Every structure is written in structure tokens, then in C-alpha cells.
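Read from first to last, the chains carry the letters A, B, C and D; within each, the first residue is number 1.
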Amino acid sequence: MTGLTRPQIAWRIAQDIPDGAYVNLGIGAPELVANFLPEDREIVIHSENGILGMGPTPPEGEEDFDLINAGKKPVTLLPGGAYFHHTDSFAMIRGGHIDFCVLGAFQVAQNGDLANWATLDNSRPPGVGGAMDLAVGADRVLVMTDHCTRDGAPKLLDRCTYPLTGLGVVTRVYTDLAVIDIENDRFVVREVAAGIDRDALQAATGAELHFAEDCRAIETAPAAGT
Amino acid sequence: MINKQVHDFDSALAGLADGATIMVSGFGAAGAPHDLLEAALDRGIRDLTIISNNAGEGDRGLVRLMTERRIRKVVCSFPNSSNAEIVKELYSAGKLELEIVPQGTLSERIRAAGAGIGGFYTRTSVGTPLAEGKESRILDGEEYVFEKPLRADFAFVKGRLADRWGNLTYNKSARNFGPSMAMAGDITVAQVDEVVEIGDIDPEQVITPGIFVDRVIAVR
Amino acid sequence: MTGLTRPQIAWRIAQDIPDGAYVNLGIGAPELVANFLPEDREIVIHSENGILGMGPTPPEGEEDFDLINAGKKPVTLLPGGAYFHHTDSFAMIRGGHIDFCVLGAFQVAQNGDLANWATLDNSRPPGVGGAMDLAVGADRVLVMTDHCTRDGAPKLLDRCTYPLTGLGVVTRVYTDLAVIDIENDRFVVREVAAGIDRDALQAATGAELHFAEDCRAIETAPAAGT
Amino acid sequence: MINKQVHDFDSALAGLADGATIMVSGFGAAGAPHDLLEAALDRGIRDLTIISNNAGEGDRGLVRLMTERRIRKVVCSFPNSSNAEIVKELYSAGKLELEIVPQGTLSERIRAAGAGIGGFYTRTSVGTPLAEGKESRILDGEEYVFEKPLRADFAFVKGRLADRWGNLTYNKSARNFGPSMAMAGDITVAQVDEVVEIGDIDPEQVITPGIFVDRVIAVR
């Protein structure tokens, strides 16, 4: 079953971010979304370490290691951007001022529960970062994830088995196989990747799927997918 | 494109309705968004709840709304002013409801609303009449009073510079309640001296990042 | 009974503020203290409306009404001063960062209770301002007051009858007649104004006075008292 | 005269003793006061409790203290780092105590200590393992968790400019935890790039007013 590439998922998510939105992109794969934001929209990216208006990676040799993103990689600041301290930054998150966040996930449950910070493996110290703040604070919590783990286990479940990040917080999940809304404690499939049939998608999912009446193929950008 | 600048008061006040709760920045006249208040007056808005440090001073803004009987209630720390007898008159006549809040508690409650805090404990007002009816609690051997966040339908603030993203700077002690109120209004409108080009405000000097501001109007 | 003038009280208070102290001066008479701070000390004045390093009144014609003190009168800023917003300003007060505040009083009780914001007259709306925050937050709360009301009623009492500002917060009281510490719920007289005898002072006070062993005359500045 | 500038690390760290709790600013390496931490290391200080967003990254500062087993406990949001395996090693071996706190809660708890707040309610962590054992409360129909202030004997912060009054500015996203930690340390020590003359920092641009800072040391 081959579905979307990560850049294709990122491109798809980017199409859902409207002009003027304030967005926080989680560490890792969600950072890719920044590369695909439509050029005719002005979208303000928030980084929890005290940046609004975060811009792209600087050219090699021009990095300033006092200007980094939440993943601790050098970034730039767009005109109109601002710096502020950590408590103010999390006041933005916790106070409900961020319109969208895009987070990775270990597991998502059909009731919107999110598990993305710890597993049941206790050999590594757990690290939560800002995930719990974003989960409860952002207006809409979008999840970007592979549909299954590397071992083929489903990540979309009737309930999470890993320690939770937030309860009932996820609004939409974007995977390599589908775009799925969480509505009334159910997974509602809005879009399916080309070539994936419904039975296969259901088999790869650990909870009952409900297909929207207007369920269609996931759009991909002509140029994306590399 | 993001452009929060509006060019007339109808746009600045769109959605403001009778019965609204409005936060009003300023400490005395410094930082008071008089023009926004008077635009609300001109549009006939009434039955307002005002959250502001003072209940008006001088002869502009809140005092004019007060004189025209547009204000039902004021949540403030210091209603009296040497030159605004109207507050005393209406209060004495039972025509104005006042909720007196210690100044630091007022400011902290406003910030709490903007920061997603459900409530907090402070030592301020313990054992005084202003703590009456409020939960108290011993924490680390000291008595504290529980205080709740204070939000508003609109926040009116006064800045010095703004850009189209809504970033704000302030002038000297006129900064006062602006930054916290900007966080706590469902719709935050900033009256500023000047709207400058995007990028003209040094990102290190932005005091209120645009995320907290919905509309900006230049008033000279 | 003629004791110290207000400038003399202010001068006396100023002598107790050490070099390097952060001080908040209440509205009204306490503002006078700023005029008498010893010139060989660097003392940082805090104004609750967002100023540290507040300087003297500007020359006429140079007032900036965006730069005012808590009494809403034009002031100046000293080099090294800073502006900040109201919540940060009260974090300084409430967080215990202010070393001294000087407040006026309607009444002070021998247990340190302070009443300075409301009387029993309900015709005027009460106003508390920052008094309750300063009362609990400042390291030391100094009171500057006439010893008696205009009607001759004592203001230093065994207990306050007016609504309280803070409980057990006052550490020292400076009046036109005496300098009085509050220690173990007792008024301990440290200094008495020249020409005031102990019986007269006791008669003007609504609680028992205890005279310190080394009780002496209040010092006044040669040039003050005008 | 006020002069908070010190010229050597003995003066910067005076009073720091074994068993101390130290707040350490920085998000990864940005804003981390490595030189203050290494001066503490050089002076043999041990048995430390560290409050910091990360438990060390790279090969300086916290990582060196960790490697030398000077740290008993870390209160942080994110202990893991791709290039600091020592944290994992010590943790797995039961030789390092960790208290994991959500990042926003960590920052808010630090601010609370500096602002005299006895505790506050947040929605962050509700229903998760990090809320276990904590009081929860329904406020306005939503569930919240009670969190307490977090103070320290010392706060080590890293600024860009300072003056002798202790006023600080920061550089870009290296500001991060500095301003809140500076409020919450009994003794706050700032490592800065440069100490400038009093009055050289624009009063509108002071980020941490000197009242929160006890000592300043320039490190190049």
C-alpha cells in the first residue's frame, strides 16, 4: 500500500491553512508544511521559543544560532515578525490565540485523544516539550502522521494505549492514506489517497471508519511528491 | 494578505453592540483610547460594562460615556478623579455599579484571561473587604485569595506605532494596561499615533505582537 | 502640639532608605520623600504605572503627559530607568521585589494592620488603587501620616475601625510627632519630635506606647522644615 | 551607587552552595549561560537541582555538569537531545531524577514565583500522566489542573546587553526563559555579551528591568 509521501501530506495540510492564520508547526515532519504554504496567502508561523513570523532556513553560512525554531534548527524572521519571551509565547498558545497547530502523533483515538509524547518504553526519559500546551491551546489541532507504524500497527485507534498528550483535542488527521475528520467521537474519512481502497484503509485502522458522502481522492500538487 | 489597518471608526467598531464588555487601557489620561470610546458614544452604544483602571478623568472618553449614561458598570481599581465628579454623582445616586479590584489583581486577572489561566491565588486583599465572598486558601503557610480571569468582548488600547500585522509599540508610561488588555479582548482594537510599513518596527521592540490585535486605526 | 512639618517627616523617612533600594512612594504626601533622598545614595523609584528610575518633576513647558507618576503628575526618567507594562509592574510589587514602600494612612493598628483606602462614609465611591498590592508585596511598608486626624482623633490605634488595606503589614510609622516601630504587635517609640513630651504623645495615640530604651529626638535637616 | 557588574566568577557565584536549586535559561543552546554553569563546575559545586527547559545539549554547560555527576535532579520539559546521551545514560541507571513539566506550565510556574502568585489553574496536562496526583478543578465548565510556583536559589540567565543597574536586553530567540527566570531567582546572575554605560539602553527596550537582576558579568 503506497500512499502519499511526507511532502505530499505536508502540501495537503498547507492547503487547509487560510490566509491570515497563526500557525504552530510541531517538531519534525510538520515543519515541512511551511514549505508548501500557498504563496498568495500570508500565514504567520509561531515558534514556541519566542518567535512570530518565522521565515525559512537561512542560506548556509548565514545561520544565527540565537535565531532557531522549536526543533533547534536555524531559521529566519520575516518582516513583521517579533521576538518575545517564553511565558508570553505560551500565553499565545494557552490563551487560545493560535489558530492551528500541526503535530505528529504516536496514536490518535476516534474521540480526538492524542498520544504523541511518550511510549510504554521507560528506558528513555520522556520529554513533553510544548505538546500538551499546544494540544489544549490551539483552536484546531491537526495531526500529520503515517497511517501505521513501521511495523504496520495502526496509529488511528478506538482508544489510545500510550500516555495521553491531550483529551479530545484533535480535529483532523492527515496520513499517507487519508484525510480524516474527528466528529462526534468518530473517524470520518473525507479524502483517500489514490489507489487505496476503502477496505484496505479500514484494515489499516484500529477503529471503525465512516466515509463521508462526498469522500474523494486526496489532492496532490503537480510539483510536490518528491 | 494580512491587513489589520482600518480607516474609519465604523470598521474599527464593527460588531460592538449594546451590553458589551469593553476593556479600556490607560492610567488616567496616559494611554487612554479616547477616540475609540467617543466613536462608540457617537454610534449610540449603551449599557456597557467597562474594565479600566480608572472610571474616567478629564472631559474625554469614559467621562463622556458616563455623562451620557451609557455605562452600566465599571470594574476598576480607582474610580475617583479630582476632575470627574460624574462618577461620584452617578454612584451616589445608585445609577452606576462599581466593582473595585486592587490594581495588581485587576491587571493580573486580565492577563490570566489572555493567557488561558483559569484562576490564581494572590495575597493581595487577604483579610480585607475586597476578599469577602472569595475563596481563601493557605499555600506554603500563607493565606491567599482566589481570583478569576477577566475577559472582554472588546479591548480598546492606545499605542504609538502599529503595522498592518497589528504589532504595537507604546509611548513611555502610556504602555500601562495596553499589553495585557490586548491579550484579553475577543476583539482588540488599537488606536495608534501612526501606522508604519511592515518591518519598520524592530522585532526586538514589538511590545504587543500582532497576534493579539485585530484592528488598528491611526488617529492624529 | 506642633511637631514636624510634612517636608520634615519626608526628610526623616528619606534618611532610612539605603543606597541601592527600590522604593515605591504612595500618592500624596509620600511623594515628598523623593525630594529628600540623600544625594550620595542611588535609590531607584518605582511607579506602579510602569516606571523604574523615576526622576523629578520636569521644568514647566517640558511636561510629557505620557510620562506620569501614580498620582498622574508629569515626571521624568533617570538614565538607567525603564518602562514596562502594568502586569509586569505589579509582578515587581506582588513578587516581593520592592524593598520599601511609603504609604499614607487613615489608621494604623499596633499589630501592623493598615487602613488607607476607604472610610465608613459610603457617599463617595471607594478607590483602592495599588495600595493592597503594595501593602502585602513590599518588603517593608513605611507609613507617613499625621499623628491625629484634623479633628484630633488618634490614627494610631489598638485596632483599625476602617476597612483594612492589609493585615500586619506596617513595619514603621513616621508622624509629625514620632517615629514608631511595630514590633510584636506593639507600638515601640524610637524617636519623638522636639518639644513633645511622652504623656502628650500617649494621649494623642489610641493604643499603648512603648518607649525604646534609646528613644531620642527626631533628627531634622538643617535646611528642611519649610 | 548601584553597580551590579562583577568582574570575576567568584563574585558572580558568591553564596552558591552544594544542594542549591538553579534556574538555567536557554532553549537548546540559544540563551544558555554556559560560562556561569562551568564556573560552578570549576568551583566543585554539587548535588544541584536544575530548572531548565532542556537537560543539556551539545558539550557545554549542563552537559558538563551532568557528566561530572553534579546534578541530582532536573525539572524540565524536554530532557532528550540528539547529542547529549549522558542524560539518557544517567536516567536509565537511576542516577538522575527527572521532573517532566509541560513547557508552558514550566514557564508559567516560574513566572508565578516571580510575580507572587501562590498557584494557578491551567488546562494543560488535564487527563494525562503529568496531571497525576495534582488537584483538578472545574472552572466555567472546563477541567483545570492546579500548578504551584517554581522558585530557585539562583537564576542564571544570558543576555545581550546590560548596564550597571542590571537592565538587560536579549538577542532574538535567545530571550526565551531569561525574563521569567530572572524574576524567580533569589539571586539572579546575568551573563551578557557586553556591559554598556548607564542610559545607553533605550528605556523602551529594556526587556528585564534591573530590579530583577543582582549581578551582571560580561563574557566574551
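Note that contacts are C-beta pairs under 8 Å (C-beta built on N, C-alpha and C of every residue); 3 or more make two chains touch, one makes a residue touch a chain.
On a predicted model such as this, the values are computed, not experimentally measured, just so you know.
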- Note on the structure: Touching both subunit B and subunit C we find D
- Considering only mean CA positions as chain centres, point out the chain farthest from subunit D. C
- When centres are defined as mean Cα positions, the distance from subunit A to subunit B in whole Å is 35
- Query: How far is the middle of subunit A from the middle of subunit C, if each middle is the mean of its Cα atoms, in Å?
  - Reply: 56
- Where the centres are mean C-alpha positions, what is the separation of subunit B from subunit D, in Å? 32
- Query: For subunit C, what residues touch not just one other chain but two or more?
  - Reply: 77, 83-84, 90, 93-94, 136-137
- For subunit B, jot down the residues that touch at least 2 other chains. 108, 111, 115-117, 122-123, 170, 172, 203-204
- Task: Determine which chains touch and list them pairwise.
- Result: A-B, A-D, B-C, B-D, C-D
- Touching subunit A in the complex: which residues of subunit D? 27-31, 53, 55, 57, 77-80, 87-88, 91-92, 98, 100-105, 107-108, 110-111, 122-130, 170-180, 207
- Message: Going by the contact rule set out above, which residues of subunit C touch subunit B in the complex?
- Response: 47-51, 64-68, 72, 77, 83-87, 89-90, 93-94, 118, 123-133, 136-137, 163-167
- In the complex of these two chains, what residues of subunit C are touching subunit D? 19-20, 22, 42, 44, 46, 52-53, 77, 79-84, 88, 90-98, 136-137
- In the complex of these two chains, what residues of subunit D are touching subunit C? 1-2, 111, 113-117, 163-165, 167, 183, 198-199, 201, 203-204, 206, 209-212
- Okay, in this complex, where on subunit D does subunit B touch? 108, 112, 115-123, 137, 139-140, 142, 144, 148, 169-170, 172, 203-205
